[in-house]
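Each of the two complexes below includes chain A, the first together with chain B, the second together with chain C.
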Partner chain A sequence: MLQYIGRRVLQFIPVFFGVTLILFFITTILPGDPIKMRAGEKSMSPAVYQQLRHDYGFDQPWYKQYINYLEALAHGDLGTSISTGRPVNEIIAESYPYTVELAFAAIVIEIIVGVGVGIVAAVKRYSVWDVMATLSTSILVALPVFWLGIMLQYIFGIWLKGATNGNFYLPVSGASGDGFSSFAHLILPAITLASVSTAYAARIMRSQLLEVNNQDYIRTAHAKGLSPSGVLRKHALKNALIPVVTFIGLDLGAMLSGAVLTETVFNWPGIGFTIARAAFALDYPVVFGGTVIVLFAVMFINLLVDISYAFLDPRIRYGGGSAGE
Partner chain B sequence: MYRKFAKPVAVVLVLALVVALGAVAGCKPSTPASSGGSSTTSASQPVKGGVLSFYIGEPAYIDPYNTQESEGTQVEAALFDSLTQIDSLKPELVLPAAATTWTVNSDATVWTFKLNPSDKFHDGTPVTANDFIYAWNRIANPKTINTATKKSDPSIISYHLSVVKGYDEVQKGTTPSMSGLKALDPLTLQVTLSQPFADFDYVVAHPALAPVPQKAVEGGVDYQGKKVPFGEMPIGNGPFKMSAPWQHNQAINVVRNDDYYGKKPYLDGVAFKIFKDPETAYTDFQAGNLDFTQITTGKIKADVAQYGESPNGYTVNPGQQVLLGAENSTYYLILNNKDPYLKNANLRKAISLAINRQAICDTIFEGTRIPADNIVPPGIAGYTAGAWKDAKYDKAAAETALTAAGYPGGKGLPTLTLSFNSGGGHEQIMALIQADLKAIGVNTTFASADFPTYLKQLDAGKFQIARLGWQADYPIMDNFIYPLFDSQSTDNKSFYVNAQVDSGISAARATTDRTARLAAYNTVNDQIQSTDPVAPIMFYRHHHIGSSRVHELTYSAQGIADFTTPWLTNGGATK
Partner chain C sequence: MSDVTDDAKLLSDAENSPTTAPETPEPLKPQVTRTLWGDAWYRLRRNKLALVALTWLLIVIVAAVTADLWVIPLYGPPNYINTQTAAADRLEPPSIHHPMGTDDLGRDVFSRVVYGARISLTVGVAAVLVSVVIGLLLGALSGYYGKFVDTTIMRIADIFLAFPYILFAILLLSVLPPSERGMFPVIVTIGVLGWPSIARVFRSSILSVKEADYVEAGRAVGASDARLMARHILPNAVAPIIVYATMSIGGAILTEAALSFLGLGVQADPVKAPNAVSWGRMISDGQNYLMSNPGLIVWPGLAILTTVLAFTLLGDGVRDALDVKMKD
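Coming up: the complex of A and B.
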């Protein structure tokens, strides 16, 4: 197992080089001058323009720029933002914790509600609960996430406030305070971000569990006298969970790359909007820095998901051993 | 037994949920609880206290040396006082600020400012002439370093100082300080210009030209035992000071400076709430959490009906909360004066007369734009209505001009190109313009490119008809006339060259008498418009709203709010 983990970590390196090299190359063929973008429609003094071009290395060929970038990265320096002159490290350090917080809150909802609803729907197949679960998940999947966010804002932030005369309501935007925010601000954005994924997770859980329940070994377990909840806990769940874990893991990876729509609607100071705005402004250092961080986060999560398979399915063993990969 | 009802019951329950959601979505959100009925009037007395929350987008910089967009300038205007200030409602009035009096010599090349001895920075140190010299050199010098990162970070707004003697040498790198700046004594600043510029008192009113304390800029600011970079928590000399460092993407909180030398604010503080999106800010306003923001698209008429419109268009008071005053920005079509077809003045005249500006403002912009009848907007000192005689809709006159150009009914004229930058929302405007031009027989085709490429095309002259917007830095006619029409200006994108206009501008700049100067600029303006080098289309307007507890908040045509005059109902104490 340790060998497997070691090998996977080493794989990070070629992936990292590949992604950053491609990104760098793309920015050289993209039209547009990042320095001129700063001035907008007003012209910039030629002396300042030349100085800025030199500062950001635009007067050098692109492969030299890439090498300089890697050199700086080896020292932990992600560069300087073209739009604001601030170190990219700072920009990411102040926004990424918020993205992580929102992502984990959403994943917790997704796991508890999604898996829970999926189990209930499968166990009580064709009952009221099952039908409600299926219908509501279908609707959630169809709803645009930003519309849902805006609706929640109106219902819980504005209407509820008016209906209870200003006594009970949820905050509509922002994260409030330094570092990690107060719980109340997290509720609506987390529910919004989790909504579609929860619906998917519930449906996958349900269909997987139904499929597993048809297996012979489940029938055998029942026949041996194990209680229904015991069958569920000891046999069915573990086997049904693998695709669900895959889905949730991939989803967490996606959320850790920044939920731009949710962040915009709720004004959540995460990294998604930061990278998106930097991309529009041609602020490449921020785009690269954000991408590198997200790259590591996603690869790490994927590794965790793969390792979890070994615990869920004894047939899967990594590195050595007779079962092979 | 109940199982056969399970499915229909479940369907009904879920559909009920959907209908409920839809019903809530459809019904109007109730007005925020704190707005308790229409208040009697603002004849009441100002009450001290409270924190006003104000919407801004995330600024690029709030350090004066590099404030680029309106958000940064707004925050910075609360923290800093420049030498002079311009009256929020009357742009012809230049008032004292950090300077109590100033004099100018007869040919408008030497300005002498006497500083207010009570003016202090927020850390208690007095403001001296050298603080201005240090600040301005920092802006003009392309070798300026960001003292926090120790990396080069020159100011991209150095053009404010381009008229100061020594600016060119500093830009070339021969010296770090402008020779035209002298401190005659700690409280007297003498500025020598490289050319006459009688409106220089307007230029120095710009928030970017504020003084900065050198020690804090280079050594950082103390905050809770740590040193914070100056750019994160600037120390100014204005009516408000930072209470904590800039919380990026969240808020900038400032509190009243009780040692302020001027008129002390009633507000305890201002919370600049940073939003990524004006729509979200508007939702927060409806939830009662924001005191001033932009009105979201489609809601202007409804808001005017619900909250009342401000009579002067710029000042918020309870019951008069929607602001629709004209802003100091013009949207205009650039016509390539070097193009073989468009160099024909009658063709340009025809194009300008053919466009139905009112229709554009009404249909696309819901009234948040005003048809332009001049290149300078109404908020500029010296504006006269209808100064650009062809900036109006007159189809018959357009057809006559087209015939005079040699293309009767458009015959003989090839298809012209309408260029614009994609993603800026200009497609709809261009569609209406295209239809207007077709109606007189001029056929056009679109050419769009992303913004950086588009700017490149303009500079290279690869366009026939294109569009730009111009936002004034100071509310003076020179700030439109010179950049857009002088042959030496790099912002003159229409390749318009007229030596008479050039010398007219220089002469106007040297005219120290204000009335005579305005008349001189208007004469130049008249000369320019006679050949229609560009076609002004529309002026921008405010589309902002204040909450019902705000009194006397004026948001000027320049887009700067003055926070020394407003006060909140009951000093902000409602709950």
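Coming up: the complex of A and C.
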């Protein structure tokens, strides 16, 4: 097991260098000058321009910049934002909790609704419920996420407010307030972020359960007189859940890398929103720092998923550990 | 399921027909021979959902291609602002003259939705073609040569997959100044980001075909690598790619809409692209008028939804027709 974890961690190394090198490639080879961008419409004297380029190290060759960056990273320093002048560490520490909060809320929805719908659809196969589940998951997957977010804002923020004379509605923007207010702010963004993955989770749950139901051990369980719900709980679910757990785990990793669209629609001050805005402003230190942190988070979650996978399915532990491929 | 019963019926019909009519000992008619593709087309035509999807896509394509002929005379050009009447015409509800109402600048929403199909479909199809070309090439190298080549290419694929997709696209496109943001960079960006999945699908189907006896036989009689690839491996490994590509077009359209929504998509240009409209951009513009005219958001959203759904359903149909097994 330890050996397996070690190998997975080693696999992270080329990916890390690959991603950071691509980032450096994009920012040095492609056009786009962050210093000019910061100056905006104002003219900047050549001397100040050169000084700023020097301060941020942009006058050095790219490999030197890269090495400098890695060296600072090893000391836990992600650099300084160009557009605001604040330390990148601080900016990320401020925005990341919002992304984590949103991601976990969305995952809760995904587990409850996705797994629930998948089980119902499989147990009542070919029923009205099953058809409705298939139909709605197909539509959810084809929906533009940002459009769903705006429609939810309209229905629950504007229309509902008008229909109830302003007594009942959900907040459509920001993440302010504490206690119930902060929970209310979370509802619509979480539903929006969870929508597509919930549909996928339901589909996987359904198809896995149908597949497991054809297995011999399920027939045996029925034959020995176990009640249908007993078969479902004790035998079918246990086996059918493994791929679902994997999917949801990997999805959590993807969500922790920031939901640019959802966060933009709802003005949610998370990491995706922050990185996207920094990219628009060509604020490369924030983009780099954000992406590196996100990358670590995704890799860490994926590692946890692989380990839990090996834990849930004992066959993998003895199988030479090729599960990650 | 229905495919199986159809086939079974065909078989049993062929077997039963002589016994039900024994007095006319007609010689057994030779079955119409079909190619793999003829077979697939036959099965696709029996899939109602796929046919509805195909019909809808044809309607959208024909409408988008012929838009200059009927949309402009009837409803006006998509981006033209009549400064004389704009103030009076703005944010109108749907009517005969404006089937989907007008936007904040008095432009006809229906005209804009129809023209929006041009960018969505072009970007969707072209981006997937880019992914397929890169993916086929790298997937073939990876699957056919194995070993070091395989490891290298698959690690690069890992790197691309590890990168948060939409962030990567934003980063690539935001370094371009707005004046240079045409259709081409969007297509290349989406295409380049899509290759790893195609390469993986193709690699695994090559791996499963590579060891087949007929490939071995070809090699034994001295066929070159290139010939084996072109004549024996590619035709037998291409079905999953067609299925995957059809399904990916919907995803590419969604990504284009998202990038346009964020302001990184195709921009209208009075000279170069006077009729360029993007559904994603329409939704982002319409956000400001959510209170007064939600239709500005509803219509382009429905256009995206139906088009993407059609490609997904068509992809499902093609998968069943070609009998490709895929993970959910």
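One rule holds for everything that comes next: the second predicted complex is superposed on the first by the 301 of 325 C-alpha atoms of A that agree within 3 Å, B and C clash if a C-alpha of one lies under 4 Å from a C-alpha of the other, contacts with A are read in each partner's own complex, and residues count from 1 in each chain.
Throughout what follows, a contact is a pair of C-beta atoms (placed from the backbone, for glycine too) under 8 Å apart; a residue touches a chain by one contact, two chains touch by 3 or more.
All values derive from a computational prediction rather than experimental measurement.
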Chain B and chain C placed together on chain A: clash or fit? clash
(request) Answer with first, second, both or neither: which of chain B and chain C does A:I158 touch in the superposed model? (result) both
Quick one: is A:I91 in contact with chain B, with chain C, with both, or with neither? Answer first, second, both or neither. first
Inquiry  = Just checking: does A:F104 make contact with chain B only, chain C only, both, or neither of them? Give me first, second, both or neither.
reply    = neither
### Query
Given the touch rule stated above, what does A:V298 touch, chain B (first), chain C (second), both, or neither?
second
Review point. In the superposed arrangement, which partner chain does A:Y126 touch: chain B (first), chain C (second), both, or neither?
Key: first
- Taking the superposition as given, does A:V141 touch the first partner, chain B, the second, chain C, both, or neither? second
Request  = Using the superposition on chain A described above, determine whether A:L282 touches chain B (first), chain C (second), both, or neither.
outcome  = both
Chain A contact check, chain B vs chain C, more residues touched by chain B
Contacts of A:L52 with chain B and chain C, given as first, second, both or neither = first
For this session: Answer with first, second, both or neither: which of chain B and chain C does A:V15 touch in the superposed model?
Result: second
Overlap of chain B and chain C contacts on chain A, residues 31-32, 139, 150-151, 153-154, 158, 264, 282
Note: in the complex, chain B contacts chain A through residues 3, 6-7, 9-11, 13-14, 17-18, 21, 24-25, 29-34, 60-61, 66, 68, 142-143, 146, 149, 151-156, 158-159, 162, 171-173, 231, 247-251, 273-277, 280-281, 283-284, 286-289, 449-453, 455-456, 468-470, 490-491, 575
Residue positions on chain A within touch of chain B in the complex are 31-33, 36-45, 47-48, 50-52, 54-55, 80, 83-87, 91, 94-95, 126-129, 131-132, 135-136, 139, 150-151, 153-155, 157-159, 161-163, 165-166, 169, 171-176, 178, 263-267, 269, 273-274, 277, 282
Note: in the complex, chain A contacts chain C through residues 11, 14-15, 18-19, 22-23, 26-27, 30-32, 138-139, 141-147, 150-151, 153-154, 158, 200, 203-204, 207, 254, 257-258, 260-261, 264, 272, 275-276, 279-280, 282, 287, 291, 294-295, 298-299
Within the complex, chain A is touched by chain C residues 155-156, 158-159, 162-164, 166-167, 170-172, 174-177, 250, 254, 257-258, 261-263, 280, 283, 287, 290-291, 294, 297-298, 301, 304-305, 308-309, 312-313, 328
